[in-house]
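Letters A, B, C and D mark the chains as written, and numbering starts fresh at 1 in each.
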Amino acid sequence: MAGDKVILAYSGGLDTSCILKWLLEQRYEVICVLADVGQQENFEAARQKALKIGAKEVIVADIKQNFVEQYIWPAIQMGLIYEERYLLGTSLARPCISVALIEAARRYDAKYLAHGATGKGNDQVRFELCAYALQPDLKIIAPWRDVEFCRRFQGRQDLIAYAHVHGIEVTAKPATPWSTDANMLHISYESGILEDPNTVAPSSLYELTLDPLTQAPQTARRVCIHFVHGLPTVVEDLGNSRNYTIASDMLKFLNDLGGSYGIGRIDIVENRYVGLKSRGVYETPGGTILYTAHQDLEVFALDREVLRTKQLLRDRMSDYVYNGFWFSPEALYVRRCIELSQQHVTGQVTVELAPGYCRAIARKAGVNAGALYNQQLVSMDEHGGYVPQDAGGFIAINAVRIREHVRAFGAYNTEQQQRK
Amino acid sequence: MAGDKVILAYSGGLDTSCILKWLLEQRYEVICVLADVGQQENFEAARQKALKIGAKEVIVADIKQNFVEQYIWPAIQMGLIYEERYLLGTSLARPCISVALIEAARRYDAKYLAHGATGKGNDQVRFELCAYALQPDLKIIAPWRDVEFCRRFQGRQDLIAYAHVHGIEVTAKPATPWSTDANMLHISYESGILEDPNTVAPSSLYELTLDPLTQAPQTARRVCIHFVHGLPTVVEDLGNSRNYTIASDMLKFLNDLGGSYGIGRIDIVENRYVGLKSRGVYETPGGTILYTAHQDLEVFALDREVLRTKQLLRDRMSDYVYNGFWFSPEALYVRRCIELSQQHVTGQVTVELAPGYCRAIARKAGVNAGALYNQQLVSMDEHGGYVPQDAGGFIAINAVRIREHVRAFGAYNTEQQQRK
Amino acid sequence: MAGDKVILAYSGGLDTSCILKWLLEQRYEVICVLADVGQQENFEAARQKALKIGAKEVIVADIKQNFVEQYIWPAIQMGLIYEERYLLGTSLARPCISVALIEAARRYDAKYLAHGATGKGNDQVRFELCAYALQPDLKIIAPWRDVEFCRRFQGRQDLIAYAHVHGIEVTAKPATPWSTDANMLHISYESGILEDPNTVAPSSLYELTLDPLTQAPQTARRVCIHFVHGLPTVVEDLGNSRNYTIASDMLKFLNDLGGSYGIGRIDIVENRYVGLKSRGVYETPGGTILYTAHQDLEVFALDREVLRTKQLLRDRMSDYVYNGFWFSPEALYVRRCIELSQQHVTGQVTVELAPGYCRAIARKAGVNAGALYNQQLVSMDEHGGYVPQDAGGFIAINAVRIREHVRAFGAYNTEQQQRK
Amino acid sequence: MAGDKVILAYSGGLDTSCILKWLLEQRYEVICVLADVGQQENFEAARQKALKIGAKEVIVADIKQNFVEQYIWPAIQMGLIYEERYLLGTSLARPCISVALIEAARRYDAKYLAHGATGKGNDQVRFELCAYALQPDLKIIAPWRDVEFCRRFQGRQDLIAYAHVHGIEVTAKPATPWSTDANMLHISYESGILEDPNTVAPSSLYELTLDPLTQAPQTARRVCIHFVHGLPTVVEDLGNSRNYTIASDMLKFLNDLGGSYGIGRIDIVENRYVGLKSRGVYETPGGTILYTAHQDLEVFALDREVLRTKQLLRDRMSDYVYNGFWFSPEALYVRRCIELSQQHVTGQVTVELAPGYCRAIARKAGVNAGALYNQQLVSMDEHGGYVPQDAGGFIAINAVRIREHVRAFGAYNTEQQQRK
């Protein structure tokens, strides 16, 4: 154990800095991995801080491109959303970061992986399931589940005291009364004053989005998002005729524009995988716009029954990703099934951005892509191959079961009583 | 046939006025039923118009209370939504209107029911399935599926000409280039220029909601909505400390307030039950606020796994209602199952209204109602009976399948290629 | 119309012979297609009969190989079963026959397709949906839905009288008091005396299977069925060391052997797509053995969660196939998803045949195919990498929701009352 | 700890006898609970054995009636089956036994609950989840997950040696090379030589059922099972005109008769909740007959779409029960939903028993119970209110999506290639 190498998922913050020191005290050799998934951070300063504490090596892994291409884009393509509202910003980052951690473990031949995730949260599950999947013999060190560590550090004050004793720099900036997690897709806020679900989050909390009422532009703005097989390929800024075609550029543009409009704020209570309910506030400006556009295109493009099955698979996949099962037999399988469904999700959607929200207002199929929407067929003024008389038979046959129920069990109750 | 009594679902508009006349020409005796589900209409004028055309009787059925209590409130309780966006305003009204039609048919001992729904739409299905369910021996007359009628009236111009010939008053107001359906819950717009899904709906179209950017108040407003067993019981206007406790009052207040904020506009393509895709624009101000509040409370109040099953049932029920199966064995059954799930959905949600959208910002359980949200348990600073060490075993056992997959079939691919 | 070409799905029986004559009376030019899907039939005699009646052309289409490879094998691979018992023998044959009919229509440039399926059954739906899918402009003639035809032929006696008048040969063999449909996969029996679901089917009814008690061998017999990606590749007759490796040979062998054991009889009431419940008796000897083996291998080979999703898709696909949607967007999609799931369903299952039933008794993974079953891991006597202590944490975390429910809403009721 | 009271789930066998002694060595005061769920056991001898070892108290809890009425009957009503084959005999007994254990814990004010379930199995989960649900403050002692215990007892030989040292009687009967669990509903066999899934279980293994080929009667026998709301109410022995109307009598009669016919044997690999695959052999004679009858009646009695939803809920409930969640929010909820579905499952089914299997051969609705099966409607010879012409429109409208798919994306592939 002593002298064994540990890969530490390091953030530069108080917790993982103290964990770094604590691991050194246990005589581990610690290699810190600082994953850059797009959060605002002085990575060089964090690197120096870790080295000063005693890390043998500090790797700053810029995995932004991977994150957007291998995790965010597929999530948009699949339409992932947890409990109908959360766009999975943190859940998606965890497997991406885990890959970087595992790669470091392999490079340094480390036997251990340490992280600073709490024992009540989802992130411990996500990191560790990914680790078990990718490097099954890696051993996990989760200090916040370690009895001795938890006894020693019972609150933030204990960490600060420890930091002072060991010369670990504590950020001057006063801590917010909540914790955050930020990346290219979103910022999340939880804990602290947010633990009371009936306390309204203060407006000062939001970092990624401006206040819709007081800070956002008071005119609408339109973007047109093109998809091929369900993946975004072009974002047209209809306001000034600029196009974005590289995934990270598209996301950045939509984050900036959406953020300036205050788009993508949610305040929810969610069900954690470990059985707790927790309250979270999230900002996902660009992701919200992309989700909105993709959702619209999908109903436009997919056969109704294919859509029904796809959404069922989507709901399962969203749970898998939230729960940490990105690398699992079921997620690999369901993901491939969902991808199959996107074959014809090719086209473009115009989304109108307004302060605080966005919505789809127009859509069309891709050039040379077939389209199930059939203006001639649906038109009130034309037949388009549809024979209205057929509908009578359609209805009558659909009524067979309904009528049989009456025959067998009596009339439907037309006065449904409300529940007492 | 000649002399037989027909109940006609009459709206006062051009189509059903011509149908009334046409039925009279076929020597039916026609009783018109004008269902008041909250649409803006001069019912007395419409009544006189029908009488003048030759209706034997015109019944103005005020079914607003029934509509809100027996249809809208249950829909809110069940969380019904079609294809993730449409709150089913028209779909819910149809069975309610059908009950009024059937009651008239029974009262007048009519053998026939006529309606002006088109042969390509959902409403024909909804009216007729309800009729088959409630009065299986009633015969349906659907002129827009009648070959002879369709040949005679090939477009709006033919109707207008027919109206002129027969002294049927044609409204002076120029027709909008789309058709609408209005009731207490929503207004829908479709057809005409909206048939091109890539044409943006003109801002002049919206009747129930003001323009968020130019007409709505530029300050936020909060309401607190209380639910008991998933049904709204009180709407508190936090702006001026007024409470609404009667269903129709609550809905009216939220419609007015939501409408003034431009809340609840959607522009979608949807899948009709008869197999077509159609484009619709909808305004559902109060319904959107109620849906938002109920959705928030439900995740807060329900056990995670109960919620998963409930949402599955909800998706089925939404399809049933959209497709016209309100009175069907499956809808009766699934509805009762969903109602069972709402036993603990008791509490209140604060919703913030802003121009163009609303969102939940705070929630709490009802007084004396138990609550699954457990602030002590989820707190980072307390254990609350949760033993963090258990999470390690939880994760390890969950990893068994994941690791076995690697053992059996090799490593997970960490570089997922995008689809070509 | 007169002189137009019709493709008639001809069986050689009384119904389609009369329909052939009736079509000729309507002045159609009729090309009969006799599809050989493995039923016992004197095809040449049937051909001569049709020519004698006046068919312009009679095609005997031997589609047995296609049926087994493109329909039966995929159904086994997908594990299709309707309402948990019916192996879809007729449902699978219909699209296969439809392809032959459509090919004939194309070859002869026929505008019409006629069939003898009744207006209350599933087969009309299956034939016509396939036709609409494959040749959308083909027009359907369904005499048993034709008002005039139905008035003329109100029962079997009318058909016999018509046949006598027109010199159509009526089979000497007295008709059974039920109707049958036979092919390589099964024989079905319905109608007539079977319409009373409480009347036991007479033992004389069964044609494909011997009576288990009085005619079957009274010793067990074992076969070992090998699958690759869920498809049967080898059937080993363990009784006499013979192997079958060609699809149709495997099926024939299993039909013969299973039939001699009286395996694969079911007597059910089922839900027809048109809304009726009907009673059917089916014999599917080989299919039952193949289904049994595949089911066993699948649970053995698939990850638990992949299996759960696959079975959900299987249930949908079974409904699609039963309802006639083999060629539909949803069936194409779901089928591809299910095929994806079969990647690792490679191995072999030993099935024991006994009079009246068969069951899986042993199974193993394919050589060089990975296997999720891990004898070392599951052994009571070894750890195999599994740490029993982890289970405590697993259980405790799973109990969080369960305990929270008690805290919030009180104790579970241990005395569940039975329903009144 | 020392002196604390422990409730031990005691079986009388070697494992729990040694655990009893071991707990006494840890200075616990041990109250043994021997649950009589219908297994063959000399309860008085087992009681004496435990007292001799040093148990402070031994309770023989006869919970057979509870087991059949509160667990088995509801399982039949719900149609529970795990992974399509396993009738959950052990899974259902665990919560019933747990209630007895908890009642003892309350009576004796014990703080601990100990059981002899292994660390790799499902039973530990079932016992403990029930305990957490019913008595959340009870502490669990699971010796087979205790590191020290497991080190001391590494195999059966260590237990035998320990027994000899401590004067614990070891049964003279040589142990079978597998382990069993028996109750009123079934006997299960696993472990030992059964761990190789390709080894055929020896015929000597089966205890509850005779060998179908060599020991069963070689004539068929019929029983008629009556259900009210999905629950068995009468079993008629059609062979000798005897009726059984008490739940435990019905089950016993069917177990005896079914056992004499060798009915209800399965040999499967199943997915354990802890992530392992294990092989099990089960005998469930009476349960198989009841399941068969209920399944048949349900399809006969339920509306098709109600059945679809019910089966989805059934699959979820089966997983809940197998996984140990009998007392959980989700199981309580889903169970109530399924019970709702059984309102019309009233009628009777004739089941034919033959050596090795049984099958439904006739069924009818209950007297005065409505019936969806409509012989007149389905008859080929009558219309019964069904208008065959309607089917044409029904099919045509159902074809709209299918045709649109062709229009948009080209023809369906009629030559599906097999997977490589």
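Observations on the structure shown:
Keep this in mind: contacts are C-beta pairs under 8 Å (C-beta built on N, C-alpha and C of every residue); 3 or more make two chains touch, one makes a residue touch a chain.
By chain, UniProt protein names: A, B, C, D = Argininosuccinate synthase.
Predicted model only: the values in this text are computed from it and were never measured.
The chain pair with more C-beta contacts between its two chains, of B-D and A-B, is A-B. The chain with its CA mean position farthest from that of subunit B is D. Centre-to-centre spacing of subunit A and subunit D amounts to 40 Å, using the average Cα coordinate of each chain.
One inter-chain figure worth recording: subunit B and subunit D are separated by 43 Å, centre to centre, where each centre is the mean of the chain's CA atoms. Between subunit A and subunit B, the centres computed from C-alpha atoms are 30 Å apart.
Residues of subunit D in contact with two or more other chains: 274-276, 303-305, 308, 328-329, 372, 374, 377, 386, 389, 391-392, 394, 396-401, 403-405, 407.
Of all the residues in subunit B, the ones that touch subunit A in their complex are 69-70, 73-74, 83-85, 99, 102, 118-120, 124-125, 128-129, 132-134, 136, 140, 142, 144-145, 147, 150, 155, 179, 191-192, 195-201, 212-213, 218-220, 229, 231, 265-272, 274-279, 295-296, 299-300, 304, 307-308, 311, 315, 319, 325, 327-329, 332, 339, 342, 350, 354-357, 359-364, 372-375, 377-381, 386, 388-389, 391-392, 394-396, 398-399, 401-403, 405-407, 411-412, 414-416, 418-419. The touching residues of subunit C, when paired with subunit A in their complex, are 274-276, 303, 305-306, 308-309, 312-313, 316, 328-330, 333-334, 336-337, 340-341, 397-401, 404.
The touching residues of subunit A, when paired with subunit D in their complex, are 303-305, 344, 370-372, 374, 377, 385-387, 389-394, 396-398, 400-401, 403-405, 407-410.
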